[in-house]
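In this document, chain identifiers A, B, C and D correspond to the written order of the chains, with residue numbering beginning at 1 in each.
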Amino acid sequence: MNSKVNVAIIGSTGYGGVELIRLLASHPGVEVTSVTSSSAAGSPIAEGYPHLTEIRTDLLDDVDAALIKSKADVVFIATPAGIASKLVPSLLEAGLKVIDISGDLRLKSRELYQTWYKKEAAEQQYLDQAVYGLAEVYGEAVRGVDLISNPGCFPTATLLGLIPAVKAGYIDPSTIIIDAKSGVSGAGRGTSLGTHYAEINENFKAYKINKHQHIPEIEQVLGDVAGKPVVTTFTTHLVPMTRGIMSTMYASVQGGYSSEDFVSLYRNYYEGRRFVRIRKDGTWPATKEVSGSNYCDIGFSVDERTGRVTIISVIDNLVKGAAGQAIQNLNLMMGWDETLGLQFVPIYP
Amino acid sequence: MNSKVNVAIIGSTGYGGVELIRLLASHPGVEVTSVTSSSAAGSPIAEGYPHLTEIRTDLLDDVDAALIKSKADVVFIATPAGIASKLVPSLLEAGLKVIDISGDLRLKSRELYQTWYKKEAAEQQYLDQAVYGLAEVYGEAVRGVDLISNPGCFPTATLLGLIPAVKAGYIDPSTIIIDAKSGVSGAGRGTSLGTHYAEINENFKAYKINKHQHIPEIEQVLGDVAGKPVVTTFTTHLVPMTRGIMSTMYASVQGGYSSEDFVSLYRNYYEGRRFVRIRKDGTWPATKEVSGSNYCDIGFSVDERTGRVTIISVIDNLVKGAAGQAIQNLNLMMGWDETLGLQFVPIYP
Amino acid sequence: MNSKVNVAIIGSTGYGGVELIRLLASHPGVEVTSVTSSSAAGSPIAEGYPHLTEIRTDLLDDVDAALIKSKADVVFIATPAGIASKLVPSLLEAGLKVIDISGDLRLKSRELYQTWYKKEAAEQQYLDQAVYGLAEVYGEAVRGVDLISNPGCFPTATLLGLIPAVKAGYIDPSTIIIDAKSGVSGAGRGTSLGTHYAEINENFKAYKINKHQHIPEIEQVLGDVAGKPVVTTFTTHLVPMTRGIMSTMYASVQGGYSSEDFVSLYRNYYEGRRFVRIRKDGTWPATKEVSGSNYCDIGFSVDERTGRVTIISVIDNLVKGAAGQAIQNLNLMMGWDETLGLQFVPIYP
Amino acid sequence: MNSKVNVAIIGSTGYGGVELIRLLASHPGVEVTSVTSSSAAGSPIAEGYPHLTEIRTDLLDDVDAALIKSKADVVFIATPAGIASKLVPSLLEAGLKVIDISGDLRLKSRELYQTWYKKEAAEQQYLDQAVYGLAEVYGEAVRGVDLISNPGCFPTATLLGLIPAVKAGYIDPSTIIIDAKSGVSGAGRGTSLGTHYAEINENFKAYKINKHQHIPEIEQVLGDVAGKPVVTTFTTHLVPMTRGIMSTMYASVQGGYSSEDFVSLYRNYYEGRRFVRIRKDGTWPATKEVSGSNYCDIGFSVDERTGRVTIISVIDNLVKGAAGQAIQNLNLMMGWDETLGLQFVPIYP
């Protein structure tokens, strides 16, 4: 490519934002020309993030559509929930392409958003306009669009682990149980007792049981794939580690398929999609095996005794679950190869 | 009590063994008179475990029934699987009372043991004789017996979390799915790549899916309680922490019971049993909240959308899941209060 | 003892406070009759600390001298710095005996306090009255007094590691360099970016270099022991773990003493003091080897090449570095054996 | 560059080896054409390292000079100590350029090697031939040579932190004390009780005090820079984390220089060297701020009270302390820009 695309990052002082900065720093087609922060505008980004010393020496910009448009063509929104819904209209109007990581535009129903997020939803037209950027399933749909909604971290691991089986009818969607686990970075950089080191270290806990806002997102997509409403049981747990999500999923097998059949089905479904790796029968991925990378690794165990399959899916929540997948969507939006700038080897150990 | 009971510990250089030493050091009715090790006999136990410096200055004894009998009345076996089955006959014959923590005597069926443990089973008469020491369920059964089989760590958390609901018919046993997570100390002190620090830290992984030897143990007891065979889905995961087990359990609710109904049911069932704490509706226990103690804490979430209940049960795998429960069994065996010497406050943070 | 001493804990919702609750729960001579909190008075203590469920069912009291005196004879102050200085006068006046863990009464000089703590110092008469409770050095001095100032966590590990050598002239006090490391619980339960899980996990950092408020405390005591002013270099680091302090200390050896000579010197100095364990030559203690206990373990390495000794001293910051030592002081204050209720085996692993 | 340089990695199943694979995968001038292992030859490398699934599908080669020469022009040796000394002669003879990460060729004196490493040293001619690859100090010296000895992890952090001050006479070399801390990956992938998860997690310990084999390496270089023999006190500690080294260094300041003077001195010394970042006065680097990157960050605190400076230097032990610095040396050896393929943003959090 001859010239680079200029991008801005709103919410660049959060973990999703700095991960975008990390990944885009080595992307051959992109220049990050503006990093913004409503709380720290005017100060150097490296002050709050010393790992960026001498890498980014610029000051944080204010969150202002016109200012951003003067510097960039595409903008990532990496704020907490409830902010993007307010920013998107002016950003689009200013002529920017928008990739929203925050979750505000994922649910097509305003009511559902308000029920689960306990916040005012975005206007319906933006919910309608936003294309859900789960590249391995809906990849082509994002080409050329102006507004992409990036999937949530848990939905990414979960949906990539379930969709081929649901679509092929290998499992009964009404029996799906999802036991998810996440590293603590998923909670962001805002301090709270729930992310206080001494409370989390050497501790394992469940939270938001049957109440997590990713439940309707998962069900919306599964219902779309299944062609009928799907209701799931979904539990989230906090793991004493920084990065990584594992989704352990259970469902009743329909049709007597073996683990090997699942491996074959998934390999076919994800053929050509570099970021999904299906593990061979009898092995299952661990979160560290995708750490720092855009991979989603999946493994299976069908148990003949119970007639159920256990599906294990892992991602790095900040990469495939946030910044990496957002860049993958940018690549597709721009008509580039989806792997551009994302071919990292996982960091191990 | 006037005089102390003398006890010996076989396998005292493993984590279960040193935890027995820690807990028994402050038990008012017990004196640990012999710590044995087949691999390190003759050397001071504090050499391999410097935290015992000046606390235990004795040398490790050989594993010899006559020697042990000359020093003790009761013996704990805290070896890896496959050893107790060989030791128990001579220990009983020597006149010792035996509490086996190793798992060799938990399954009543030799075939089942050999299938899941991949080792030669103990002789049937010892399997028949051994009383399963899940105190809150079968407590009275261990009074006065000579041979107790201490439950496994995962079965302890899981069974205490499921039995009242299965017994009362609140859940359909055929729908039980158990997603279990354990700290790394459960794997013992033997070194391996699977317990190598750099492989486990910042990592979360599943293992032995549908193959764990605790599956038949759980099913044996659930079947006993349900009055019919029960088959379950059971997955184990390794958490990057040292101590703690959480069992997250799912089942279909029969009869429209709410979370509060479960709370009431369990509080009634465990009435008077100090080591089970039922959390109030809407809160769930974390592993750190029982760390270092003999508690098993349990919480519930019934989801009306799916008709399923999620049950969370936590223990310290080395205490309630091993050494603490073994001492609780000793207490009952001796006719003492089951809490004697075990009333520790959990260590937090 | 026939009747128990009633004690109150001010600041019982901090980590030092809950550790006092944990340790005192099994102390044979003490009853905790009041737990207070200025921020959460009126609510059950177990609400903020679910590990205390069914163990302490009382509500938090307000911080009120008369109320406390109506319930207790002795009070522990476990607040952040800057509060005890205000509370102590009324507590003493109400007739309570006071053990202050907060640090407000450790420095004899108001100027020094204000320089290093950046807060208003207590009135001079209380600084004069408070006896510094480093039991192994000044133990007898606290017998029968009304006001004890409990040493800081770093000073405890550091002073116990240095005093015998300074006193005996084995090292040159002007060459002392102290490189200290602490687990994160030392920073308390108040949330901040510096104790946010994702910032601390997999991270090791130095802080407050040459600025830590424990520097003048260490120098005050070393100067007292040396008989002349001592100035030291002291660096603190944060270790990604919850509990534990290690002080690694360096000094030039005077007189050609070997590691074995240091071992002998320290064993003699601490003869009869159960909580200091001197490791044999060639071995050094690790923090986990004292975790959960009141021990301070010390080891040495004299290097003939450089003429310097390296001294390693470890404690559990919440026990020997705070709550445990405070109870040890209570024991001495009451004329009891200093080990009463404190004879825990360290928790390992 | 038109064509890529083919490189082989001996010891590619160790942590240093897989880190080379990770970093070289995105290096624009290099192709890794052979990964070898004496213990696992013939099996796919991704079998032991599932994070490489679909990234490297080749089988491990035997360690054979002729075979390697048929595939590569340059070879990295990333074995444990004591192996490179035997391999180097045949590799050089086969016409390969060699970069040794193992430490066998760092000490110029065979006696010193044998004293500290307790192994047979390499022949003197290879010790003489090997150029010590500390790029920021001796960078130009490695251009075009055939045999480079890559510095050790602790020496890298320590020497970069000390050399400008020693060279400029700002500190007295005879007063240098080095308190070093390392993550556990530095101990390699070989299992042992010392790297067993439950022994290391929530633990902090010192090891090899005054005995570490990196002592003579540090002293050799410091002596070279100072122009006279230097003897140092050096202590190593194990931090419960996977990656990262911090060297906290102490020395007496000569000439009344302030922290700001040190900052200026170091900024001048490292002018143009992208991988050393000098922190501004009053701030110090943490290990996570360089994690996954080739940076070495350095900060200072001069204490007027003691006349000493505290210098903090951090690196990622597997990158700047091993594989990254080895690639930096390859770049220089090839006449490329030293940053080629190494411009990673640190991974944070």
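Quick notes on this structure:
Everything that follows uses one rule, which is that a contact is a pair of C-beta atoms (placed from the backbone, for glycine too) under 8 Å apart; a residue touches a chain by one contact, two chains touch by 3 or more.
Heads up on the chains, UniProt names are A, B, C, D = N-acetyl-gamma-glutamyl-phosphate reductase.
Note that this is a predicted model, so its numbers are computed, not measured.
Ranked by how far their CA centres sit from the centre of chain D, the chains are topped by B.
Separating the centre of chain B from that of chain C, both taken as means of CA atoms, is a distance of 36 Å.
One simple way to say how far apart two chains are is to compare their mean CA positions; for chain A and chain C this gives 46 Å.
Per-chain Cα centroids separate chain A from chain B by 39 Å. Chain D has residues 15, 183, 185, 198-199, 201-202, 240-243, 285-286, 288, 291, 349 in contact with two or more other chains. Shown here, the protein chains touch in all possible pairs. Against chain B, in their complex, chain D makes its touches with residues 15, 183-185, 187, 189, 191-193, 195-202, 240-242. Interface residues of chain D facing chain C in the complex, by the touch rule stated above, are 177, 179, 181, 183, 198-199, 201-207, 209-210, 231-233, 235, 237, 239-244, 246, 248, 250, 284-288, 291, 301, 303, 305-306, 308, 310, 312, 314, 349. Contact residues of chain C toward chain B in the complex are 15, 18, 21-22, 25-26, 49-55, 185, 201-202, 242-243, 274, 277, 279, 283, 285-286, 288-293, 297, 343-349.
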